[in-house]
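Presented sequentially are two complexes of chain A, the first with chain B as partner and the second with chain C.
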Partner chain A sequence: MRRVLALAVVLVLAALMMAGVNQLPPPGQADQPVHRHVAADYVAGGAQAGGAGNLVTSVLLHYRALDTYGEVVVIFAALLGVLLVRSTGGPPTRPPSRLVPVSPVVDQVVRLMTPFIALFALFMIVEGHVLPGGGFQGGVVLGALMILLSLILGPERLRGLLPIGAVTWVRAAAPLVFLLCALAGLGLAGWWFALPDPGWLREFVLVALELAIGFGAAAALTGFFLSLAVDGHH
Partner chain B sequence: MDITSGLAHIDYIAMVILFAVGLYIVLTRQNLLKKILGLNIMETSVFGLIVTSGMVDGGSPPLLGRGLEAPYASPVTHALVLTGIVVALSVTALALVLIVRVKRECGSIELDELLEPEE
Partner chain C sequence: MSPNDVFDLLILTLLIGCALAIARLKDLAAAVVLFSIYSFALCLLWVHRGAPDVAMTEAAVGAGITAVLFFYALTRTGRREK
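Let's turn to the complex of A and B:
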């Protein structure tokens, strides 16, 4: 009964949405509203105003920098929530599960690939303002590498890579650097997230923001994974 | 509506179907984990819809100074969806850890079992 009702609701909604999207301008044509209003301005002036050849980065870190600030605060808040839920509460229901021994082939391949993956992640982060990529993308690659390493080495060895105090700062890096850049823009140019004028300084700010986003995202991903994968307290 | 105008929106229609699938999963599954999966399917359909709307047939990625020719895909939709993906990931992570907690406290993640009154 419940399924029939749910199916009816879903079908009615889907029919309404189908009727709706059929009234939209068809995708793929350059003369549509989505390409005309702000998007046209961003394409025309984005590289100049944002200091970034990659217009997506320009939108993220210049035109919509306040939104991106909110975004890094959201991911940081989620990380705090995850850590909070995992660190409070009753004893684990079962003893911590032992790690399954890793195949030597997997172990060797991951160890061999680690520097290259890390280099690629760093490249995506620092070149994110001129090439495809950016802080979030590079951060996800870096976070995936951390998750791989925690599977190979075990979470304890991974935690040994960085001192506990440093981990806290890396996790909070993105909101803090964003706040710094916002205040710097307010002080130097008079509005939030204003990018400073000389080209090299502008690029420096962009790379700093990207680095903070990247390492913050990587730390958040690793934190999510470790909180969910490792039973018990840490 | 003739057949060509229907086909012009086929990308959007595919995303609406994906959204309906996700919504059906969220409404009918009792397993909390599967509800989260359904939510993720719904989110994916919305991202797909927005990104599709920003595409241009035969256009270039919005990268300037790389010898790419106009027309460019809209950078606004890309930035929007990037933000959306990050928020969706955060929501999923928080929901998963809460499900782990529910399992530990109540011994089940099936909604109908959780809602049964204890004797």
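Let's turn to the complex of A and C:
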């Protein structure tokens, strides 16, 4: 009986959803209502107004810079939450057990690829305002590289790379740089996150924001991973 | 049906197949691998639909990082669903 009822509910919901989806305009047509109002202006002038060749970056860092700031703070707060839970007790964890030794193939390949992955991540971050990609994507690649390295070197080695004080600053870099850029816009051009006028200063602010997002994301991901991999009581 | 539609249809079939398999599997490690495949297929779909920024995020986060974090979480819990 319950199964029949569940099936009936699912079927009714699916029918409603399909009816709704059927009424949507076909994708990719420029003359649909959603594309004719503000969106048209953004597409037409967004790249210039944002000072970025990549329209997506222009929207992220110019039109909705305040929302992006919120997202950066959310990631930072998530990292703080995980670190807090892991460092104040929590369930006792087994010591990190290395069940299988790292295969020499994996070891060599990771060592060989590390400089290239790092360069690619940096390229994505720094060129994010011109090409597809950007701070967050590059930062995730950088974080993945850190995780790969901690898999072959052991998490403790990775932890010793940066002094503990520097780690704190890198983790907090993204919200801090965003705040600085917001204040710079307020002081130089009159409103929060306004891009200041000379072209080189605009580009400087954009790259600073991308770098902040990138290193913030990389630090957060590495922090999540290390807090899982290493016992939190330290 | 144009070749573009055929490509989309293939990817969408793969996505639905992966999603159903993930929901049914009891072996969580296999589910994580399938989840990675799902993300990668979705990444191809984003590229094909002209959204390279989203595709990069999908590849890095969906296919890369989440799998590693899920695997680590599995080593702390258990591999099989009860």
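Definition applied: the second predicted complex is superposed on the first by the 208 of 234 C-alpha atoms of A that agree within 3 Å, B and C clash if a C-alpha of one lies under 4 Å from a C-alpha of the other, contacts with A are read in each partner's own complex, and residues count from 1 in each chain.
Here is the rule we go by: a residue touches a chain if its C-beta (ideal position, glycine included) is under 8 Å from a C-beta of that chain, and two chains touch if they have at least 3 such contacts.
All of these numbers come straight from a predicted model, not from anything done at the bench.
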Legend entry - Which of chain B and chain C A:228 touches, first, second, both or neither: both
Legend entry - Per-residue touch tally on chain A - higher for chain B or for chain C: B
Inset, instruction - Could you look at A:124 and tell me whether it touches chain B, chain C, both or neither (first, second, both, neither)? - result: second
Inset, instruction - Check the residue A:143 against both partner chains and state whether it touches chain B (first), chain C (second), both, or neither. - result: second
Inset, instruction - Using the touch definition from the top, say if A:77 reaches chain B (first), chain C (second), both or neither. - result: first
Inset, instruction - Applying the touch criterion given at the start, work out whether A:39 contacts chain B, chain C, both or neither, answering first, second, both or neither. - result: first
Inset, instruction - Identify the partner contact of A:133: answer first if only chain B is touched, second if only chain C is, both if each is, neither if none is. - result: second
Inset, instruction - Report for A:56: first if it touches chain B alone, second if chain C alone, otherwise both or neither. - result: both
Legend entry - Intersection of the chain A residues that touch chain B with those that touch chain C: 54, 56, 93, 132, 134, 136, 224, 228
Legend entry - Interfacial residue positions of chain A with respect to chain B in the complex: 2-3, 6-7, 9-11, 13-14, 17-18, 21-22, 24, 26-30, 32, 34-35, 38-39, 42-43, 46-47, 53-56, 58-60, 64, 67-68, 71, 74-75, 77-79, 81-82, 85-86, 89-90, 92-93, 130-132, 134, 136, 217, 220, 224, 227-228
Legend entry - Complex interface listing, chain C residues touching chain A: 52-53, 56-57, 60-61, 64-65, 68-69, 72-73, 75-76
Inset, instruction - Spell out the part of chain B that touches chain A in their complex, as residue ranges. - result: 1, 5-6, 8-9, 11-13, 15-17, 19-20, 23-24, 27-28, 49, 52-57, 59, 61-66, 70-72, 74-79, 82-83, 85-87, 89-91, 93-94, 96-98, 100-101, 104-105
Inset, instruction - Could you please specify the touching residues of chain A with respect to chain C in the complex? - result: 54, 56, 93-94, 97, 99, 124, 132-134, 136-137, 140-141, 143-144, 147, 221, 224-225, 228-229
